[in-house]
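The structures come next, written out as C-alpha cells.
Two complexes are shown next, each including chain A; its partner changes from chain B in the first to chain C in the second.
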Partner chain A sequence: MKVRLNDDIVELADGATVADALDHLGYSPNGLAVAVDGEVVPRAAHRKTRLVEGTTVDVLSAVQGG
Partner chain B sequence: MSLPPLVEPAAELTKDEVVRYSRHLIIPDVGVDGQKRLKNAKVLVVGAGGLGSPALLYLAAAGVGTLGIVDFDVVDESNLQRQIIHGVSDVDKPKAVSAKESIAEINPYVTVNLHQEHLNSENALDIFRDYDLILDGTDNFATRYLVNDAAVLLGKPYVWGSIFRFEGQVSVFWEDAPDGKGLNYRDLYPEPPPPGMVPSCAEGGVLGVLCASIGSIMVTEAIKLLTGIGEPLLGRLMVYDALEMTYRTVKIRKDPEGEKITELIDYEAFCGVVSQDAQQAAAGSTITVQDLKAKIDSGEDFQLIDVREPHEYEIVKIPGSVLIPKDRILSGEALSELPQDKPIVLHCKSGGRSAEALAALHKAGFSDAVHVGGGVLGWARDIDPSLPTY
Partner chain C sequence: MDDPLVIADREYSSRLITGTGGSENQAVLERALVASGTELTTVAIRKVDAENHSGVLDVLRRLGIDPLPNTAGCRTAAEAVLTARLAREALGTNWIKLEVHADERTLLPDPVETLDAARQLVHDGFVVLPYTNDDPVLALRLEEAGCAAVMPLGSPIGTGLGIRNPHNIELIVSRAGVPVILDAGVGIASDAALAMELGCAAVLLATAVTRASDPERMATAMRLAVQGGRLAHGAGRIPKRFWAQASSPPR
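What follows is the complex of A and B.
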C-alpha cells in the first residue's frame, strides 16, 4: 500500500504499523513524535496502530533550541 | 472551547493604565476585566534568550503585572542577532539584568523578579510556586524536561516553544487542565532524542526572526490562558516552517501508558551524553583517532567495528571497519559474530554509541575491547580531512 510519509509517497507492506513506518525511515523512536492523519499517536500505540492506503504520516523531531 | 481564566482581576486600573492599555480595553473579549487579570498575573519566563526576548517584551507591553526571569547567562555578542531584548551596551551583562532594564523602559508598571541561577531539580519547585503560568524558552532538553516535570508536580500550565534553523514548535501543556484535557510534554516526546542526534541552536544555527514568530505565539497563548479567552493550544502542537511559510497543527493525546511524574529526577543524566555503564567502560578503554591510525599503520592485528547504522556507514567510514549496529550488540544478537582471537576496537559517529556498545562487550567478556573517542568525525577531522562529515 502507498502512504504519504513526510511528504514522500512510499510503498509499505499491507498492515504496516506506525513502528514499521519509522523502521522504513531508519529512525529509532526516541525524541520523535509521529502524527497519523494529523493526530499524534502515543508511543505505546506505535506497534498497534496500523496504517491504511493513503494515510498521511508525519514524523516530527523534538528540537531543543530557545 | 476556552478555559476558565487563570487569574482573578486586579481591583482597578489607574488612569495612566487605562490610557496605556486602551487598545486592549476596547476589544470586547479583553476589556477592562481582561486587562485587570493581566495586571494581577504572575508569569515566569525561563530563559531570557531567543524566545524569552520577544516573549518578555510583549508580556511587559501587554501589561502582565509581574514577570519572573530565570537566567544565569551573560549577554554575548552572538546573541544580538536574535535576542532583541539585549543591546550592544549589554554585552557581558547578566541577561536577567539586561532584560529587566529593557522592560522598565517599555512598561514601568511591571514588577520584575530576577532568578539569576541555574534552574535545577533543587530550586525549580520553589521558583515556580509563586507564578500563575510558566513560559519555557530554554535551549536544552534537560531543562525542558525539568520545566515540564516541575509544572506537572505543581499543577501549573505552561507554554512551550522550541526553535531550530527555520522551524519552530509551540504548544501548551497542563497536566491538571479541566475537563480531562490534561497532558504534558512527555505525552508528545516521552524522552529526548539520543544525545548528539539533535543539534542545539549553538551547533546548528537559527534564523533570528524565527524567535519572534514563535515567541509571539507563546505570548498570545499566555494572554489567552491568563484572561480565559479563545481556543488554547492545549492538546495541539503547532509546527511553523519559515521556508515553506506554513503553520500546521497536529493533535496530541494523553499517552494512556505514559509514566506518572512523581518527583524531579537527574535531568542531566536523563538526557545525558552516555550512561554510567558506558562512562565506566570508556574510562581506561578509550583510544584516540591517532592511536587508531598508528595501530593500522603498524599492521597490528585487530578488528575495527563500526556500531553506527547502515545509512551512516554509507556516508563515510574508516577503512577496514565492519558494520555491526549498536543495537545488535546490546541485544546480544551480534556477539557470536565478534572475533574471539583478536582485540576489538569499536567506533561510532563521535564516541557515545561506541561507549555503550563497549560496556556490553566488557560485560560479555571481551575485556580488552576499546573504543575510539571522537569516532569517525574525529577521524575525518584529524586523520583524513578529505572524508565527508555529517
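What follows is the complex of A and C.
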C-alpha cells in the first residue's frame, strides 16, 4: 500500500503500523512525535496503530528555532 | 535582584530566555547559550529529515537548559494546537510557546487565532506562554484564558527595531498578574535593559544574538543588560526634571 510519509509517497506492506513507518525512515521513536491524518499517535500506540492506503503520516522532532 | 523568575510551577534564576533559531552552527550556538546564562530556550517542531534530526536537544540537555517548544509557522489555532500536542509527545513537556502568525511578511501575532488556541491549550493541560501584540487589552484576555505568562512583542520578529511602544509595555506590566516577557524585536543590549526597566519579568530573544557578528559576546551583553535593567527597575529612578539640579554643594 502507498502512504504519504513526510511528504513522500512510500510503499509499505499491507497492515504496516506507525512503528513500521518509523523503521522505514530509519528513526527510533525517542524525541519524535507522529501524527496520522492530523492526530497525534502516542509512542505507546505505535506498534498497534495500523495504517491504510492513502494515510498521511507526519514525523516531527525539535529543531533550532524561535 | 536575587528573586527568581517564577512561571507556573518552575523557578529560574536567569531572566533571559533565548531562542536557537538563526544560528549557523551548533558550536557557536552552544557558546552563546552558555554566555547568556539562560535556563529556558525555545525550539521549533518540524518534520524530520537527515539534516535536522536531533542535535539541538542534545546541546540543551548537555547544558541543563529546559527546552521550550514553540508553534512558530502556524497560521491557525487548529495548527497551533496540533503542533503543541506534537511537541508534548516529542519532548515530554506540557510547556508551549504559542505563536500564531498572521502573515509571512510581518510575522505579527494573529490575536483572534492566538486567543482561541490559548483557551484550547489551557483546557488541554498546557502551560501556555503566548507571543502577543503589545496590546494591553489582549494581554488581559490571554491572562483570563489561563496563560502562565504573556509575551508582548517589542517590534516584529527579527527586525531588531527595539521596543516601539514602551508605554503599552508598561500598561501591560501594570495590570498583569502573570509574568510579562518581552518577546521579539530586541536588537541590542539597551533594548533588553529597557524591557526590564519597564517592569518586564524577563526578555526572550534569539536573532539579536544568533545573527550578531559575535554571538557569544552579544549573549554576554544581553545577560548583563537584563540584570542591569532589573536592578534599575527596583532601585527607584529619579523623577525627570526640566531644569538642571546641581549635584555639587553651592560653596
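The criterion applied here is as follows: the second predicted complex is superposed on the first by the 62 of 66 C-alpha atoms of A that agree within 3 Å, B and C clash if a C-alpha of one lies under 4 Å from a C-alpha of the other, contacts with A are read in each partner's own complex, and residues count from 1 in each chain.
Basically, a residue touches a chain if its C-beta (ideal position, glycine included) is under 8 Å from a C-beta of that chain, and two chains touch if they have at least 3 such contacts.
All values derive from a computational prediction rather than experimental measurement.
In the superposition on chain A, A:N6 contacts chain C only, with no contact to chain B.
Contacts of A:V59 after superposition: chain C is touched, whereas chain B is not reached. Of the two partner chains, chain B and chain C are each touched by A:L32.
In the superposed pair of complexes, A:V40 makes contact with chain B and with chain C alike. Touched by chain B in one complex and by chain C in the other are residues 31-33, 35, 38, 40, 42-43, 58, 60-66 of chain A. Touching chain A in their complex are the following residues of chain B: 47, 49-52, 136-141, 144, 161-164, 167-169, 187-194, 197-198, 200-201, 204, 206, 237, 239, 249-258, 309-311.
Of all residues in chain C, those touching chain A in their complex are 19-23, 29, 42-49, 52-57, 67-70, 72, 82, 85-91, 97, 99, 206.
Chain A contributes residues 26, 28, 30-33, 35, 38-40, 42-44, 58, 60-66 to its touches with chain B in the complex.
By the touch criterion given at the top, residues 6-7, 25, 27, 31-35, 38, 40, 42-43, 58-66 of chain A touch chain C in their complex.
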